[in-house]
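Order as written gives the chain letters A, B, C and D; numbering starts at 1 within each chain.
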Amino acid sequence: MKHNDMELMICLASRYLEDNSIVVVGTGAPCAAAMLAQRVYSPRLMIMFEAGGIGPLLPSMPISVGDSRTFYRALAASSMPEVMETCQRGLVDYTFLGGAQIDQYGNINSTMIGTDYKKPKVRLPGSGGANDLASLCWKTMMITPQDPKRFTEKIDFITSPGYLTGPGAREEAGLPPGSGPYKVITNLCVIGFDEETRRMKVESTHPGIEKEKIIENTGFELLWDDNLTISDPPSDEELRCLREEVDPYKYIIGRA
Amino acid sequence: MKHNDMELMICLASRYLEDNSIVVVGTGAPCAAAMLAQRVYSPRLMIMFEAGGIGPLLPSMPISVGDSRTFYRALAASSMPEVMETCQRGLVDYTFLGGAQIDQYGNINSTMIGTDYKKPKVRLPGSGGANDLASLCWKTMMITPQDPKRFTEKIDFITSPGYLTGPGAREEAGLPPGSGPYKVITNLCVIGFDEETRRMKVESTHPGIEKEKIIENTGFELLWDDNLTISDPPSDEELRCLREEVDPYKYIIGRA
Amino acid sequence: MDNFTKFNEERQVIYKPAGTGKIFTDPDADKAREYFRDQKPRKMVEKVSSVDRVVKDLVNDGDYIGIGGFGANRTPVAVLHEIVRQKKKNLGLAGHTATHDFQILVAGNCINRCDVAYIVGLEARGLSRIARQAVESGAVELCELTNAALTWRYKAAAMGLSFLPVRCMLGTDTEKYSNAVEMECPFTGAKYLAVPALYPDVGIIHVHRADVYGNCQIDGIMIADHDLARAAKRLIITTEQFVPNEYIRRDPTRTVIPYYLVDAVIEVPFGGYPGNMAYEYFSDEEHLREWLLAEKDPGTFKEFLQRHIYGVKDFNGYLETIGGLSRLQELRILENLIEK
Amino acid sequence: MDNFTKFNEERQVIYKPAGTGKIFTDPDADKAREYFRDQKPRKMVEKVSSVDRVVKDLVNDGDYIGIGGFGANRTPVAVLHEIVRQKKKNLGLAGHTATHDFQILVAGNCINRCDVAYIVGLEARGLSRIARQAVESGAVELCELTNAALTWRYKAAAMGLSFLPVRCMLGTDTEKYSNAVEMECPFTGAKYLAVPALYPDVGIIHVHRADVYGNCQIDGIMIADHDLARAAKRLIITTEQFVPNEYIRRDPTRTVIPYYLVDAVIEVPFGGYPGNMAYEYFSDEEHLREWLLAEKDPGTFKEFLQRHIYGVKDFNGYLETIGGLSRLQELRILENLIEK
């Protein structure tokens, strides 16, 4: 089946969410990926929202991470401290973040574009819960289109921690050992992080995407996995489920 | 009307609980005093229990500070941290404590009798919530029989803080300024605390009780109020209410 | 018997300010205690008021405010509109997922400082132009934080403390523009950030039901409101409906805000509109979109505010401008006929 | 704009151990995180078990345990009896208002260390002779604390921290025999005690209702159980009754313990007997008095334990020894026909 970039990214992301694990998601593509995972791969994936919703039977895509859909027929309607403390206690396996810029260590900027904090060129929303989730969940994922302005050598503001300046830096900063960026899923490829250098390493390129195109769209030097593969394209089952069940009104997949 | 010592102490104590204030009480005499105050003097006195009960319509005397009576038709059935944090935040006006020993500064021992902590002559329950309430509520009261073993120069263990070693000692220890012992109501007299020395000062002696008897029954030197008075004996209304409404089965007032 | 301690001796450690952000409110727990002792209404009396009266009496120019709910979910919109109508100035704001609430206060030029976790955006709905302008121009002074850090700052205050240790923000620029202090654990030596307790001058929370004394119930997620209600020096409650005190006493497990925390309570049906009120009505996405669009042109936006806020007497007047009961019924259906 | 800070510069401060009490459990938050990641059952599967099985599988000699409820209110008595029957040894205990629960474990010689807030007494019912003996003989090693300190130690763990600052215990002998550390606030310089996070090996909580996955509801006061459930490495739930998962989902606001905290769940009707279970049954004061009296003579007490604990197969067997359903119905009436 044909698909657009957004559908591609959501389908690929959904495959990384193991069954019987817990994921904190926001609205949009991450939520779609988690809902798709529940339907296709991981029926017992537990979805949490940072405002307090725990394990809802999502009737449709939430508009806000605090709207009533996020705790519709949920296991618990709790609170923001409850969810954040569950993350801090080490019970949350995955989270998804977005941002305007990301560097080779997976540090993310969602605060501002510009060089002067007091007079930014563009002010963005800020951390929200992103810094907390990137600090406290075990594995941080990102779904994002890839271009050189977004994938940049030096981001203007580190809102949320990736591997900071490299190996050992998270631990030195006081962040919980063993946590950190896990996968970045773009419209061009799937990127992991090198164990040794903590730098981005391309694991698979999407069908029809040349290495050169990925390099052109990245503002820093990428590592390449020795076993570089071609990403498995979305299956018919994934696409059908995504289109018919997860996002029938194309709120998310219509954006691409 | 005739009355016993327990009735006397409860009636006198009830008069110190101002209307529209909050008191945390345990079971027994303090709870009776608070219930009596509600009925005679301070209809809007709010009673809390440290296990979480807030503003119950007490149907009878609780047996435990955590039993279901403590939140019967209550305003809230909360938790122990909720009540303790309400105290720590400075919202609780009064509390009542008991203990095996008390010194001139109102320090209370409910932990052990003896000189060796590891091999006590008698092990008592310990702080429970007493230290917390004495530390965090504004005014601490005590209802206790008076004898020289109980009112002693040096108590074996400071479980709960009175004025510690005297003026400024609470503040120096880090306890909230402005808090501390308020009244001690015994079978012989009503005792306050001298503003300057923070030592016990007798404010009124009960009808028929000589100064000498009080001195004999106290193991340290007492101060005496310049305006020493005779305690107002329990009124008929107080006694009627105590006997008929507060403690009809004489659980508490039968103990004297 | 094991003793799980790394440090048996007295030792010196370093406390190091981690960021350049200001502490906009006094974290001193003893001063808060005194305030609560002297000013908190422990008298269980009727506290029913009106929106214009509470904003006159309880919100002063320069106050720092904390808003319940989550941006456009269970947000006390009626009080926010009234703050704009009464032209309150120089307010401080706890901006934890401040979306439509932030937008309203910026539209009225009411705020000049903000603890930021999330501002200028409306989640999936996009960014607010006027909110961005207010921040980019420097008109609003910021201290950078996170949702968890802000919620824990409320919690520190709710616990009667002056700080709490947290494990977020570490190592980032968010930390560098925060007001946190680097410290370490007394038992393990682990690195922490301490965040200062946040005792707002005014808390404003919209609830599902309350009695006339201010005992409140909330259905669904609490967000940070349990702690905000306890941290706030003054607390304004708007409620979808009043219930008898007997209703509260029938199920005391459900009481999340007891009366002695509350300074005033006002019944405001649909008081969270155009936001979502769980189990009551869904958000009015059309109206929120209209607002975002209107912001693009100053003239249009002035008219928009005139029509919906300045030109109406009260919140019911506002509800008339958006279609009144018919529109509200559509939103009730959207919220509850979810299986259709 | 004001900046409410007393300290703009890096500075040295002193951390000073305040007491001689041991830390019986590891407060290290990173180690707890690893445990929770690797061992906590995030799989939402049926966890129904039996009391003897969970005590065999989840309670090991030497474990440190935390008991829900409040001494003789909503106490998980069935599991405690089984611990005695299975002769578990060298347990540690969080003794926050440990009354009948402490008495049971001491009767079985199960514990050798205890964080004390309140022990050896049964509130207004008097002191337990065997509990006093166990403590006075030195058979149980103590660390002195308070109810608030213990509940905040659970809360530190529930928050995923290794410590919390508190304002109790300061200046007393309770402090001198505690495991707290004197420290100061990074923002105000105010003196605090830090208490170490308490992550018990096993938490045991009795609830009103739970589904087969372990999602739980509790009616009435929570005491410290919200935090204990989150702090415990392994968590055993006994419930008055099972309810369908659908029942839980119908009112998610009421869920206080979600399934992923729970290792096993067992239906034990009257499981809090002889304690009080709010809205279900009152405490059996006669039986508790009989227990206290029996303690006065070693022979009598041995027989008493044989009759009620060692000589019965399970908790239903125990309930038969105290009068079975007829007695239990009396206690239900005592609890609920309160206006009579």
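In the analysis below, a residue touches a chain if its C-beta (ideal position, glycine included) is under 8 Å from a C-beta of that chain, and two chains touch if they have at least 3 such contacts.
Computed from a prediction, not measured in an experiment: that's the story for all the values here.
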Set of chains whose contacts include both subunit B and subunit A: C, D
Between B-D and B-C, the pair with more C-beta contacts: B-D
Chain whose Cα centroid lies at the greatest distance from that of subunit D: A
Subunit A and subunit D: spacing of chain centres that average the CA atoms, whole Å: 39
Subunit B and subunit D: spacing of chain centres that average the CA atoms, whole Å: 28
Distance between chain centroids, defined by C-alpha means - subunit C, subunit D (Å): 35
Residues of subunit A engaged with two or more neighbouring chains: 71, 77-78, 81, 87-88, 136, 176
Junction residues of subunit D, two or more chains touched: 29-30, 160-161, 167, 190, 192, 219-220, 252-253
Overall pattern in which the protein chains touch one another (line/ring/star/complete/other): other
Chain-to-chain touches, reported pairwise for every pair that qualifies: A-C, A-D, B-C, B-D, C-D
Contacting residues of subunit C [partner subunit D, same complex]: 1-5, 7-17, 22-30, 112-113, 141, 160-165, 167, 179, 181, 183, 185-188, 190, 192, 194, 196, 218-220, 252-254
List of subunit C residues in touch with subunit B within their complex: 29-30, 32-37, 40, 42-45, 157-161, 215, 230, 248-250, 252-253, 255, 258-260
Subunit A contact footprint on subunit C (complex, rising order): 69-74, 95-97, 99, 116-121, 123-125, 127, 132, 135-136, 138, 144-149, 151-152, 155, 166-174, 177, 182, 190-193, 219-227, 276-279, 282-283, 285, 335, 338-339
Interface residues, subunit A side, partner subunit C - complex: 26-28, 50-53, 59-60, 63-68, 70-72, 77-81, 84, 87-88, 107, 111, 117-132, 135-136, 157-161, 164, 169-170, 172-176, 251
Interface residues, subunit B side, partner subunit C - complex: 20-22, 44, 46, 54-55, 57, 71, 73-78, 81, 85-91, 93, 136, 138, 176-178
